[in-house]
Amino acid sequence: MPEQRKTFHQELDEIRDEIVRLAALVGEFIPRGTEVLLANDMHGAQELIEADDEIDALTLRVEEQCYHVLALQQPMASDLRAIVTAVWLTGELERSGDLMVNVAKAARRIYGASLPARLRGLIERMSEEASRLMKYAIDAYVERNASLGAALDDIDDGLDQLHRDYIEAIFECHATHDLGLQAAVQLALIGRYYERIGDHAVNIGHRVQYMVTGWLPEQTGAARLHARAGEGNGDQGEGAPPAP
Amino acid sequence: MSPGPLGAVAVGPVVVLVGAAAVLGALVGGLVVRERARGRHRVRLEQVAARLGVATGAPSANGDDELAALERHVRAIRAEADAAADARSLLQQALDTLPQAILIMDSSGLVLERNAASEAFVAARHADALVEAAVGELVDSALRGEPSSRTVELFGPPRRVVVITTTPVATGSEPAAVAVVDDITERRRLEAVRTDFVANISHELKTPVGAIGLLAETMQAEDDPAVTARLAERVQAEAVRVGRTIEDLLELSRIELGQLSELEPVAVADVVTEAVARIRPAAEQAGITIDADAVDEGLVVAGEHRQLISALSNLIDNAVKYSDAGGSVEVGASGHHGEVVLTVADHGIGIPARDLERVFERFYRVDQARSRQTGGTGLGLAIVRHVVANHHGSVEVESRLGEGSLFTLRLPVARSTVVAPPEPHDATHPLPERL
Amino acid sequence: MSPAGSAEGGPLRLQYTAELEQLALQVEMMGVMVDHNLERMREVLVSGEEAVAREAIASDDRIDATNVSLMERCYELLRREAPVASDLRLIVSVLRVTAELERIGDLALRVVKLYPDHELLRVVPEAFDVLCTMADHAIDRYRDALRAWSTLDLELAAQVASEPQASLAGAQLVESLLAHQGSDAVAVTLRTMVAGQALDRIADHAAILGARVRYLITGDPDHLAAEVR
């Protein structure tokens, strides 16, 4: 019996490790896609678009692994939450990767256009901010840190503000004829991709909160209280390790 | 005679000894494998010896001899185990000093041994998790008997390049694999610096010399004095350019030797004033203002006057070159916790993040076209870096494209205030945090 | 003598099957609630009506509550029963689908909450037209996805899943906005883009719903791959 629990937890650990790997691949995509864009690197764009297959394949593998664990074991409440969280996270991560593929594709569409320095600077900053958010999201997941997961909402405000500045700068550059219409359109879309990666990181934060505490952000105070009470009993009965 | 719990006594000490030897054999095996628990095993050895003494009751002379032999045996094993443990600890320490991460894994992927540098790649997160995964894959192929190697480029940040190499080994009859993770980022960078330098220097010197040759040739064939005069002007301009490059190269190689002719107390205020004065005419011509803070006269560093001016004026020159007309450059100097901090800030075009770490290289250009316009030699920041190194200081740059750059020089304050202290300060304004 | 287990096993099994059916129905109901809110979103987009916006906001709380209760039921089933492969697929799909529905509801609310700035959205008529078209498109795709779920229509699910992304509309939107040179240009653009992005993403999530349904029907991992695509 203890033997089986152990292999089960090993499987859970494996799922977590695979999520961390998936997140690392996506995390690499962010600075890499930004560099492709800023350096006008068409070869790099193609490589990035192709590398997305690896992310997709890993996403599928992790989800299958989750099914496998669900089918063969009867996980208790907190483990069940960990598995469902993993299934959700694969979706968030995979779509974040797709967004950087979109950046690479947009870079191809504006190939040769010279980007004003101010816009380049803002793109670099949005990229760094998106990377940072994603990193915190994964830290929260690995450390089971619900408070960090919750904080992502506020940390994301920085990226939203940057995005507003960026749109404003696109307008200014377009008005002063430093930026053509076609490039301005693509750049505006690119800004949204970074912003959406931030959104995905925030979603991961919510999922982590749920994984650790059993609460969903949309739950009301009363529902949370109820969930907390139910959680306490369940975990005591099953002897689950307390959340750190 | 009924064999009781002490039945062995009846059979004789020899059997006891055989049993003890088996115990010892097992213990020796255990010792060799796990000397981390050395202390515990030693206690157990002593227990065995003690039990032996009791079990033999009143030993015969023969038993005495054998006991003595056993004791010698135990001592020898203990000494061997200690020596093995010491040797192992020494090896571990040696491994821990290596910058490369080293991991030894068995066929089930379990880490048998690893050094301190491998810490980063065990239960890793973010980019390191990709290295960990790659190590896992390569170890699998080494376990199948095929050594393998892979270069992994990471975008980070920071950007890194690591080479993972795995080699098959064996522990006893079990296959195992050694993985070495080597961070070659710096090596790659140096290679790039070297090849770029060779390419750049030939470019920087050959272009003006070629131009001079061509211009001279044209002059020879030219009769119109007006045209000849114009050509001569261009020959002169090119000659000035190549002369400046050579001058900077010489200056750089002198500074690179790291020989400070004499380490004297240098007043920072003088350095700032002279460096600003040197660049001001060019700045005014370009429509750029230089704002320099008033510097405390008591601020002194130990160094070489000429080199320090050269470093600061290069930074200011750079700031002016990459500012737009109507812009401003701010120069600041202050003392903090035993160091002098000099800052040069501009609001110009800025430096892309990917170039930030390379701008201090000789001839490194962020934007080839732009630098040709500004007429820099491409050596200014290299000079700054070497001057700072000679003075045991540091230089950092922060920059945002389209927003400007901030260069920060940090130099240690002169240890003894050789220069006379400034006129006594107002008692109501005690010197804050300085010196 | 029959063991107690089998005597109870029959009705229990029946109850379990009924529960699964109930679960699928509840999802459909949640889907209809989201559908109503998308309708309200469309109305608020055109009219800026505050009363409708308030209805939508209140309704979204109910959608969220439904999501929570559905999730608890899924957990209960996963924990209590040891679902066989196809049931497992249904339960996990419910978890994924409700998450998508909840997200679509949130995105609709993002548009609804722009109602105080309704006038700004109409400043650039071309952009406003694009927004309305995007809203119609998003709602259509959502309805197809929901229909595929309730009828388990493989063909329809596949069609929703494979429809290409409508980022063309997004580009049109930006283009028309950049042509506008008023002093309110940035304010207009930011709000229009919030709406445009939300509508774009609703269509996106509808495609994911379609792919999920297809996988639910076929159980073919390749179809899971199609969702990832």
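Letters are used for the chains, namely A, B and C, taken in the order the chains are written, and counting of residues starts over at 1 for each.
Please note the rule applied: a contact is a pair of C-beta atoms (placed from the backbone, for glycine too) under 8 Å apart; a residue touches a chain by one contact, two chains touch by 3 or more.
Since we're looking at a predicted model, the values are computed, not measured.
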Give me the fewest steps it takes to get from chain B to chain C if each step has to go to a chain it touches.
2
When A-C and A-B are ranked by contacting C-beta pairs, first place goes to A-C
With chain centres defined as mean CA positions, report which chain is farthest from chain C.
B
Separation of mean Cα positions, chain C and chain B [Å, integer]:
51
Per the centroid of Cα atoms for each chain, what is the distance between chain A and chain C, given in Å?
20
Cα centre of chain A to Cα centre of chain B, whole Å, reads 31
Can you name the residues of chain B that touch chain A in the complex?
124-130, 133, 154-157, 159, 349-350, 352-354, 400-403
In the complex, go through chain A and note every residue touching chain C.
56, 59-60, 63-64, 66-67, 70-71, 74-77, 80-81, 84, 87-88, 91, 94, 102, 164, 167-168, 170-171, 174-175, 181, 184-186, 188-189, 192, 196, 216, 218-220, 223
Which residues of chain A touch chain B in the complex?
17, 20-21, 23-25, 27-28, 30-32, 35, 38-39, 116-122, 124-125, 128, 131, 135, 138-139, 142
Mind pulling up the chain C residues that touch chain A in the complex?
61, 64-65, 67-68, 71, 75, 78-79, 82-83, 85, 88-89, 92, 95-96, 99, 102, 167, 170-171, 174-175, 178-179, 181, 185-186, 189-190, 193, 197, 201, 208, 221, 224-225, 228-229
